[in-house]
Amino acid sequence: MNPIKMNDSTTNRTLNRIITPILLIVVVASVYLVVVYENVITTIAGLLLGVGVFFGYSRYPKLKESVNDGIKKDKVYLIITGLILAFIIPLTTRTQPYIIHILIIAEISIILALGLNFQVGSTGIPNLGYAAFYGVGAYASALLSTKFGMSFWVSLLAAGFIAAFFGWLVGLPTLRTRSYHMALVSIAFGLVTYIMLNNLVFTGGPNGIKNIPAPEIFGWSLFSTIRLFGNSFPVQINFYYFVLLFLVLMLAIAFFVYNSKIGLFWNAVREDEIAAKCSGINTAKLKLLSFAMGAFLAGIAGSLYAHYIGYISPENFNFNTSLQVLGMVIMGGLDNIVGVSIGAFILSVAPEKFRSLADFRMLATGLIILLMLMFRSSGIIRQQIREYKKSHFRTELANKDEGNG
Amino acid sequence: MVKKILLVLITILIVASLVGCGPAKPAEKQTVKIGFIGPLSGGNAAVGIGAKNSFQLKVDEVLAAGDYPYNIEVVYEDDASDPATGVAAATKIASDPDIVAAATHWNSPVGLATVDIFHKYGMAQIFWGTIHRDIIYGNDYKEPVRVIPTSEQSMELAAEYAKKFGIMDWVIVNDTTDYGTKIRDEFTAAIEKRGGKILEAIGVTVGQQDFAAVLSRVGELDPQGIFYAGVTTEAAGVRIQSMKAGLTDVMFMGPPGIQSDTFGEIVLGDAEGTFCSGTFDVNSTPEGIAFVEAYNAKYTDPFEQNGPYAYDSAAIILDALKAVGPDKAKIVDYILGNTFKGVIGDIQWDEYGQNGVGGLTMYVNQDQKWVKYEDSEYASGVRTFPWDK
Amino acid sequence: MVEKILTVKNLTMRFGGLTAIDNFSWDLHENEILGIIGPNGAGKTTVFNVISGLYTPTSGDIRFKGTTINGYPPHKIAKMGIKRTFQQSRLFDNISVLDNVLIGMATISENIFINTLFRRDLLQKELASNINEAMQLMQHFSQVLVENPYRRAGDLVPGERRKLEICRALASNPDILLLDEPAAGMDPNESSELMDDIMRVKSLRKGIGIVLIEHDMVVVQKTADYIVVLSYGKEIARGTFNEVSSNSTVQEAYLGSELENA
Amino acid sequence: MNTFFQLFISALLVSSLYTLVAVGFTMYVGVINLANFSHGDTCVMGTFLLMPIFLFATKMGWLSAGAGLLIPVIIILVMLLTGLWGAGIYKILVKPLLVAPRLILLLASVAAGQVIREAIRVIYPNGSNPQVFPKLLPSGILEISGLRFGYDSLTIIFLSVICIISLNFIIKRTKMGLAMRAVSQNSDVSQMMGINIEKTIITVFIIGSALAGLAGILNGAFYGITKFNLGSNLGIKGFSAAVIGGLGDFQGAIVGGVLLGFIEVFAAAYIPNGSQYQDVFSFLAVIAFLIFRPSGILGEKIFEKV
């Protein structure tokens, strides 16, 4: 009687039972191999492990089914384990602040990529000047806290909202123009922002802003070293957990938005703007919202970056940064939050791991974007069909039975 | 239920095992690590690689002498001229307990970004390439010292020569990078101190190709000299187009940033008689000549302008290590408290850690090569400048 | 007394020098199916584009339940209760069948933003009732759609696409439905099914007015209560099917265009 | 007055280069409604293709024999090569993605630009640094009553005008031009009329890319320098010019190119501190156009096809 076809694959019961733990082991192993060990061989091994599992997943439908079922059934456990893992990793690497630094940058990158995904992934508007919002946020926050003595929290929020305002502003031309126009507008906006940051006196010109204070929580600076049980922890660890809080918050927001009408309507705009309009969707409002929200996340990321590093200059926010973030979104999977996070994680960690190949970094980014778009434009994890709680369908069944009876 | 328990168990197991083992670190007592950071990739890679080779050259020479108490391993990291990458590299070097000191950076924004990190970890940081004043003077840290002269010192020299030639009305064309704006301000100060005048400073962007509008403005101002504050590419464009625009009898000068033979290669004949207030002339001392010979015997990449400074940075670190042993804090104190002898001359710090002796040199372009002015045919009177009538 | 729900008066639409619609007037009543027919390039779709707000008319007046709506943005017109389908069906291909209908149904409530973040319970409740409604609606039209609510809309066969498009348009309980050549490319079986669908719409939504642009004369004959014929943007005839089909001007217009096409 | 005139010539020079790039953009948009963002990098491809050929010719001593004849031959050869490159871009990148959403194709062309740029940088010896570009243009200065014309700028302006006029001839008077115009208007109908759409599009890519290659070469020859990343700026400016003039309109590209060139040069000259903000002025002009007149100067109001 159930109108929705369920995949009751009884054949793979054993596999189904152990699939989630296996999945976890693979993820943990590849994360550790890639991130923690300072060695190109383990990095490659870790990446290969990830890629291998991924290919197995896509090649064998049965495995795919089991994995999907496992993920669906054990969602809560996976999330909890993920959080535990995110909590534990820096503790195990506390003697290597550099690795924690990489992880912090990865966290910030994920926030950035989530924001860009609102525009490029969900709404389908090209944005090639995203780094400008990141820069606006970083500069707003840095200026407010160094020149006006604002507290970190005020600066952070202000950074988010100022960036969102700029996002809204840049979104305006999208209302009347086509996608390639928007690409041009965003590139132009990115360049203009870069030039302005570089030339204006109050932004510190090309030398940027230094001595940006660390965030304080009830008067306790994040730059202080924590000592516990005779161990002292590097200051990066404070930041790691601090940024992690924001990351979890932003992920939650991204998921909420994705699963709400906003996310759905963004998709409608992306799929067919005219049909969306004629379905009663105010596409202009939604496009601006997508820009503003994406920029808000970029602003928050910028503020976190500025207060973590303590120094920013226009170089951090140029066209290459925009492309880098775009690469994360495309590689991970347009409009898939988990995918985008994975893409951001890989593309922010990998360059650090292949430092000796730094000359090829931008070439690699370009190639990844190009090849992904040409051969797997859905990214590592393709965008999913939204599925709703089964309970939402129950009433329908009852009614339908009545109708039939 | 079984599954859930299993799940939690396995998770705990994984985590516990990973906490337990962690990456092992081999500790060899004989070997001491020192760090080097520079732009090893990207547009400034040539400079970075020249400095890296020079740094390694000194280390090899010291080790080859045989009486050095430690085995030295150099950890090279790339900052790609990018502050974000530089910060990662600096964190990697500075937080590594096995590394005792490091020589760093060519780009000022990178230096500004990393100076705090080295301070936080109490590691000696010797700048072999950045010229921004604030890196040393903008803080009261003990850790950073700088062997290369500041742009301020370089511009004092430039202004001194300008005065010597009696060219006192200048127009500055600067690029809008940290380098260009810094040079602009410092040249302005140095010229005005000597009674000269800056008629106007005009900013251009890196990557700009057409300077016709800028030069038309310069033409209206009718200066005696054009100072280009920036680097080779745009300097060459400005020089070529200024000659085309008829500004032929004007002195043309630039900072160390244009001291590359590419300038002559691009500008060709129009490069003749242009000036560059440059860095140390290695060929002026016996130690320098020895360095050049040793370098060229080993490497094919040119050592560029900063090679000698990187070479001396290595010497300073190795001296300090030999004197006080592999102790970060002691090395910091030793470096700041002593003077050293290097190919660029005697290295002496002021109270902030800036080397006083620059080894700065004024060059003039003669047959598309930069030649020390005193050794040139202009100084000897064989050739004359167009403004000498 | 049957009420007029849509009044189009002296509608004219020019693109640069080209006059696509010339002084065109008609009314639509409750429970009425109005057919607009005419040869290719007669400006039929343009009429829909103007009514649904995609184009702003050069002159003339469109009144919906007494309110002048020309110049209103499309989403506002849609929300007021005029929904349409497209000649080449425009579904949201990469999202699910169910989501397509949900989009057709949903309008953004004022405090959506706050609710998204803080009052998720409210949204869940709304969502449940929307899903329920959407499934019921699809139930009336197609078993395939109901059984595969999570299928990508892009994977549907053309017939189902057409049904889904109608469901999407009907989802918000519109007062007027504009159907733009729904039978295009259909075989006789499919178009007879379509006719059933159109009649079903009429019975499902009491009082709905339907405007139908169609080339398939059988469909027009079976469904339309009243017919207007357009040629080169001008009205050349109106009346019941029999009246119109016996009109010589109409026959000429059709014949002429067929000759042209050949 | 004198200064003004010199600036005028200089603006004309910049305009010609932008126009040559803009023409390609506008034709691509015309035939397949795609802004190919790797177009600017095709210009740079031209310069990096020319340098080895030129070096080889010099080495073989051919240049000293007949420089006046050989240089045009080399330039035309490189234009052919970049033209083929453009056809390749269409075949390999654009065509397979024509069925995908436009966003994918657009982003792919941006990525392709990045790949070309970085590949040049990595592959060409010492590619990160600016390369000395051979002096292909006649040197010397023509002085007429106090006004100085560089022979090189005059040559560039002259060549650009020649190219534009011949292109105009091709589009207006030849069968291929007719096909191009038809495809721009409506590709479905053109196909019914028996026009080989594929061939037409490839021709457009060849012409556009060859002109871009020429723009790159002239740019390099005039300024004496080329660098791997010059293309991004040239590309963005070229596209901006096309947008200002009205995309899809061949004459719009000329109008836009000229306007942008003049804005840039005169803003830099007459606005205090203008030269460091000259890109800001041109981009603001573009953004203003996109907000207030998205169809450009010559473009007609676009009605969405439903």
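Letters are used for the chains, namely A, B, C and D, taken in the order the chains are written, and counting of residues starts over at 1 for each.
The definition used in the following text is that a residue touches a chain if its C-beta (ideal position, glycine included) is under 8 Å from a C-beta of that chain, and two chains touch if they have at least 3 such contacts.
Only a predicted model underlies this, so the values are computations on that prediction, with no experimental measurement involved.
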| field | Label of the chain whose CA centroid is most distant from the centroid of chain D | value | C
| Most central chain, Cα average position | A
| said: Between chain C and chain D, what distance separates the C-alpha centroids? Give it in angstrom. | reply: 46
| field | CA centroid of chain A to CA centroid of chain B, Å | value | 37
| field | Inter-chain centre distance, chain A versus chain C - centres from mean C-alpha coordinates, in Å | value | 40
| Which parts of chain D, given as residue numbers and ranges, touch two or more other chains? | 128, 276, 279, 304, 306
| request: At least two other chains touched by the same residue of chain B: list those residues. | output: 42, 45, 176, 203, 205
| Which chain C residues reach two or more other chains? | 54, 86
| query | Okay, in this complex, where on chain B does chain D touch? | reply | 42-46, 176, 202-205, 207-214, 216-217, 219-220, 232-233, 236-237, 240, 244-246, 262, 265-268
| said: With touch defined as at the start, can you tell me which chain A residues reach chain D in the complex? | reply: 120, 124-126, 128, 172-173, 176-177, 179-181, 183-185, 187-189, 191-192, 195-196, 199, 270, 274, 319, 323, 326, 330, 359-360, 362-363, 365-367, 369-370, 373-374, 377
| remark: The residues of chain A that touch chain B in their complex are 17-18, 20-21, 24-25, 28, 32, 36-38, 74, 77, 81, 84-85, 88, 91-93, 95-98, 101-102, 105, 195, 198-199, 205-208, 210-211, 223, 234-236, 309-313, 315-316, 351-352, 355-356, 358-359, 361
| task | Could you pull out which chain D residues touch chain B in their complex? | result | 3, 6-7, 10-11, 13-14, 126, 128-130, 132, 135, 141, 148, 150, 219, 223-225, 227, 229-230, 233, 264-269, 273-276, 278-279
| field | Touching residues (chain side chain A, partner chain C) in the complex | value | 3-5, 253, 256-257, 260-262, 264-265, 267-268, 270-272, 274-285, 383, 385-389, 391-393, 395-396, 399-400, 403
